[in-house]
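You will see chain A twice below: alongside chain B first, and alongside chain C after that.
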Partner chain A sequence: MTTDPDNSDFRYPLRWRLMDGAERLLEIVWPRRFGRFTGWLLLLPALLLVGILVLGLWQMAESSLHVLDRNTFLPSEEYTLSNYGTIWQSATYFKVIWRSVQGAVWTVVFTLLLAFPFAYVLVRTPRAWVRKLLLIALFLPFFIGQVVRAYGILIVLGTSGAVNDVFGLIGVGPYRLLFNFPAVVFGLVQYMLPFAVLMLAPALTSIPQETETAASSLGANWLRSMRHVVLPMAKPGIVGASLVVMTLSLTDFAMPAMLGGGSQDFIANAIYDQFFRTADQGLGSALALLLVALGSVLVAVIIGLFGAGTLGMGEKK
Partner chain B sequence: MRASPILSEVTKTAVAGQSHAVRVRDVTMDFGSGSSPAVDRASFDLEKGKFLTILGPSGSGKTTLLRMIAGFQRPTRGDITIGGKPVDAAPPHRRSVGMVFQKLALFPHMTAAENVAFPLKMRRFNPAKTPARVREFLDLVKLGDFGGRRVNELSGGQQQRVAIARALVFEPELLLLDEPLAALDRKLREEMQLEFRRIQRELGVTTINVTHDQREALVVSDDIIVMDGGIIQQHAKPVEMYRAPENLFVSSFLGVSTFIDGQVAEGGMHAADGSLLRGTPVSVGLQTGQRGRGAIRAEQIRIDQDQGGLSHCDTVLQVAIKDVIFEGERLLYTAASPILPGVDFQIYHHDPEAFDLYEVGQQVWIGWKAGDLKVFKAAD
Partner chain C sequence: MSKKLTRRTMLQAGMATSGAALLSGLPASRLFAQEPEKPKEIIVRAWGGEWVEALKKGVSDPFTAMTGIAVRHDLTEDNEIQPKLWAAVAQKRMPPIHVNWDTTTNATKSALRGVTEDLSDLSNLKNTTELAKPVGLDGYPIVNTYGYVYVLAYRPEAFPDGAPTSWKDLLNPKLKGRIALYNDGIGFHFPAQVAGGGKLSDIPDNMEACWDFVRQIKAQEPLLGEDPDFTNWFQNGEIDAACTISTNALAAKKNGIDLAWTVPVEGCKFDTDGLWVPKGLPENELYWAKQYVNFALTKEAQQVWLDGLGLPGVVPGLTPPAGLEADPSYPTTPEDFEHLIRISAKVQVQNESDWFARFKEIMQG
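Coming up: the complex of A and B.
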């Protein structure tokens, strides 16, 4: 077949022509000589969002410095640190904070223990239907939402729920499985699993199958190849997943509220109470800032321990 | 003296077991899905200490065959033994096979020295002796000063060397190389080919190398196997493989050749116009009058301005030069003859004194010896 350059039958694909049009339009709106500001322009939406966040934080910091005037039920005028003092001296708040941190740590541990094998099989299975099944199992709970899921757990683990029914069949129980710390962690793990798997899967995908084959041909059995090759190479994903699960659990509201039954409050629940029950904005803001600080410190500790380049972004150092 | 028959039998098997490091018998790999087998009834033996290259185009089943020998994949049918023991008698980590992979598969979170130490650690080599051994093998691949570097701080060629050292440091019975040089540029690749050869000779380790670089195969190997479509086409020494290809595929795969279709005749073949081109029949059962295809290598065609200069040739033709390609150390002419329509002769010409001897359009003479035109059964 010969091609004739003047052959008028030939048209560029519609998509190309649209792109050309868009480019011409862009040239008018944002001429090429603005080129060196383009990067900033693209950053603008993100900067705006962060800006709003910082503004909110700033206002919270402001209001955390005013105590609630019990007579007028308005924040008092003068600046004081006494909200922080209240938290510092309160055994209850100390317990809540400590419970949140513990809950977050346990959730990270259990979630990773469950998510890693899941992600590994998901990535490595040679069978397409297994992968599909695992993906469906992963995403289905995603669509259900946290509250509905917590409610489901309430039903299943309740005194007359399915689990206690099974216990009844073998002649033990019923046990009180809900409204305690393990129940909250259970709910959180259940909630976090998809996030962790989604963070781990790309990290595992980036480890070539050949690397594992090589390890086995060099004499490593499966366990040792895991320990010496796969785990170290998956570190970016593991650290990333830990950070996400840690911060999300630390700040979680619904699971402690619903599965803890009021006895297992996390910091977010305490903040909620101050804002919407006691209407003590000042104390609520102080707690909120404390939570931000706590989260930042934990993230900093993890990054400090495992290195900042470990999120797998940018060039390897 | 008459030896006891039982004893001699025992001695024979012992000797055979000793000299044949690898024995492959009727090995077939069928991935199913209706396609033809990736490897089809492959059989060969490899003597201890020899360097075998499996050569073939992409998709010919080289990697599949190698993976079966390594024990990463179980053949659909057939037997493979290494050092007299069946391959799948043990999981990969208990076998004594070192492998260098197509993509190297070095461990990026370790230094070069840690990579080399890895198999020793996994195989519970004496920890006190490990540093010396690692050092020895890094020296062997000329990386003595690079042990502390991370993998991504090494050049492509240096990474190759680490991969080789890592595959050899535990002194495996067999070394498998799956095109580890494919990604390198030509100069480095040729350097590494010789390096492989040197190290292999130095250690005397039996080696199977996979490549689709024919030059590499010819340069480094004791033995070559040419594969196509999952079938072993020929198994021979390099010179023999090049000089005496057994079929059209091998003949076209190695070197640059001209192919001529015609009728098989006594002492050669008849061209379309009936003239006799002198040649040698190769295919088994080739009969006069059958359709045949002749193949002659570019360097075996002589070229001269006058017919008189080709008096030592058995067949002489007048041709017109169609194209000249300058390849540096030699010229590649393309030429056509009116009695062989559709045939473009490929002719290598090496003449240190007179470059650009013939021009496009010029009439010249070419000729060859009867032994150089190989006549095969025509492919259908």
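Coming up: the complex of A and C.
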């Protein structure tokens, strides 16, 4: 920065001077010659977070190779695959794993069925108040935690809840609507719906409305236009939403714990039991690694079959 | 409370503890010529709801009044605080709490792992019954503070012909989907062994009778939960009967739920809870943590604390709470214990994981 010698009273605006100061400070802290590493610097916090996760997984992998000595409640010294053997031979864990996968798949199916029309109307509606209403309905659940939402479901669907009250008005029931597998899937769908809509909406926004108009001008009715134009073009959003909903559902703890009545455990609940109920960290770690592996395989299969969707933004079209 | 507690009584107890420490040959660094520096607060892990309210009223508040040390209650679940304490001791960090209110079974695991301080030098131990002593452990790594019974709690309106007399009454088709157990089956394994036609002496080697009976109960589609769930489920009309700790049934009754409880002919599990102090505390905080446990063993503290819980303590001469004088959930005499099942903590600790796994295997099917 230079000053005009003929006008010594001239001062640059404060904002300019502050920016100059900030630039000088930046030059000291992160000299210009390091510029080519700036991208990595910005990535560093995220990489550190992932690194901590990897470190934790590594320690869990180590822990999973020791069985619990019940005389001292310390992990045994020797390395063994016994914990994995216990899981392999256990009918309970097979049931729990199978239930988790089924729960995740059903949740994806029902969530997408509900989220797609929601996102479509959100994106296409010409009325601002409808869009605002839908946005409020979408974001309101984000302000309420998962546990509180599950508790709300317990109240509404309980034997003495609002739904059974309505049944009572027409002379039927009360019915046990809670503490079964459908109740868990219902809770998961309710929890996942906003995530799926948020993943689908950008994909639908990127489809020009003129494309649908063109399809209808060529004779396609709304259904054919939806099937042959909108759905194929929205595929990246559908795949992205499926991946997010699948992984979050597969690893969920609260909904099976609260809405399952104790008999609908998912893998996360089995892991909790081992870590906190029987103090068997080795077996808990083995189950946790199995969950990571299972989730990775499912995601790999989906990406292999359909691509990464909106999660693979950089890939070639 | 018949006798008023004073600061002088408390200090006498403290000096007696120091004296006991001297006699037991502790290193000089453990001996205090005078009262050690007081921390601003000590942290006591507790169960929430009625449980912590009773502890606060009977032990924590009077302790604060006498010593000036605030007591903060940490409501982390007992199972969840356990790995944190174990990790803190293993890493030589200061533990997150000063006193752990714990089940005897869980506390025994911690004692076996070597993370508990020895409490043998507490002066008030001499006034306690045999129930205070942990079975199968050297010294007092934990002090049992009361006993409790896993009763059969029920809604009288669901049993119009009178109270259930046997655990087999839960197999009545009318109760399908209307009964509840703990989600790991705790409290139910031993009576199930008897109800299934087995012998208690076969525990832990042959418990097939237990598992047979659990399978029959599974066909009744029971709800499985934790302490707070039982109260909610009774309150919301979800269940008619449950195997639960009598304190929960008492709490639900106090909340206005029409509830009763009984000890069926096969018997009920009797167990104990206790207090222990984790290793790794600074010397002065360790001293005051021990004083807290010592105070919890006074007759005055036990009377108020256990009135709130409706449970029998470990100090002779306590007056049963109103309404529980001849209650089967408040055993005080040898006759009262005849229908209660008590299995040593050592057997439970070594086999609990297998029992939980077997119970889960049946219930998750």
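As a convention for this text, the second predicted complex is superposed on the first by the 289 of 317 C-alpha atoms of A that agree within 3 Å, B and C clash if a C-alpha of one lies under 4 Å from a C-alpha of the other, contacts with A are read in each partner's own complex, and residues count from 1 in each chain.
By definition in this document, a contact is a pair of C-beta atoms (placed from the backbone, for glycine too) under 8 Å apart; a residue touches a chain by one contact, two chains touch by 3 or more.
Owing to the predicted nature of the structure, the values given are computational and were not obtained by experimental measurement.
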| message | Do chain B and chain C fit side by side on chain A in the superposed arrangement, or is it a clash? | response | fit
| query | Just chain B (first), just chain C (second), both, or neither: which does A:Leu74 touch? | reply | second
| query | Which partner does A:Pro208 reach: the first (chain B), the second (chain C), both, or neither? | reply | first
| message | If you tally the residues of chain A touched by each partner, is the higher count for chain B or for chain C? | response | C
| field | Inter-chain angle, chain B to chain C through the CA centre of chain A, in degrees rounded to a multiple of 10 | value | 160
| message | For A:Gly262, using the defined touch cut-off, is the partner it touches chain B, chain C, both, or neither? Pick first, second, both or neither. | response | second
| said: A:Ser217 in the overlay: touching chain B, chain C, both, or neither? Say first, second, both or neither. | reply: first
| query | Which partner does A:Val229 contact after superposing on A: first (chain B), second (chain C), both, neither? | reply | first
| field | Per-pair minimum CA distance [chain C against chain B, superposed on A] in Å | value | 46
| request: Spell out the part of chain A that touches chain B in their complex, as residue ranges. | output: 208, 210-211, 213-221, 224, 228-229, 232-233, 235, 316
| note | Per the touch rule above, chain A residues touching chain C in the complex are 68, 70-74, 90-92, 95-96, 154, 158-161, 176, 178-179, 261-263, 265, 273, 275-281
| query | In their complex, what parts of chain B are in touch with chain A? | reply | 70, 72, 91-95, 97-99, 101-103, 105, 107-109, 118-119, 122-123, 152, 166-167, 170
| task | Could you pull out which chain C residues touch chain A in their complex? | result | 77, 79-80, 82-83, 86, 109-110, 112-114, 177, 183-184, 221-225, 232, 236-238, 349-350, 352-353, 356-357, 360-361, 363-365
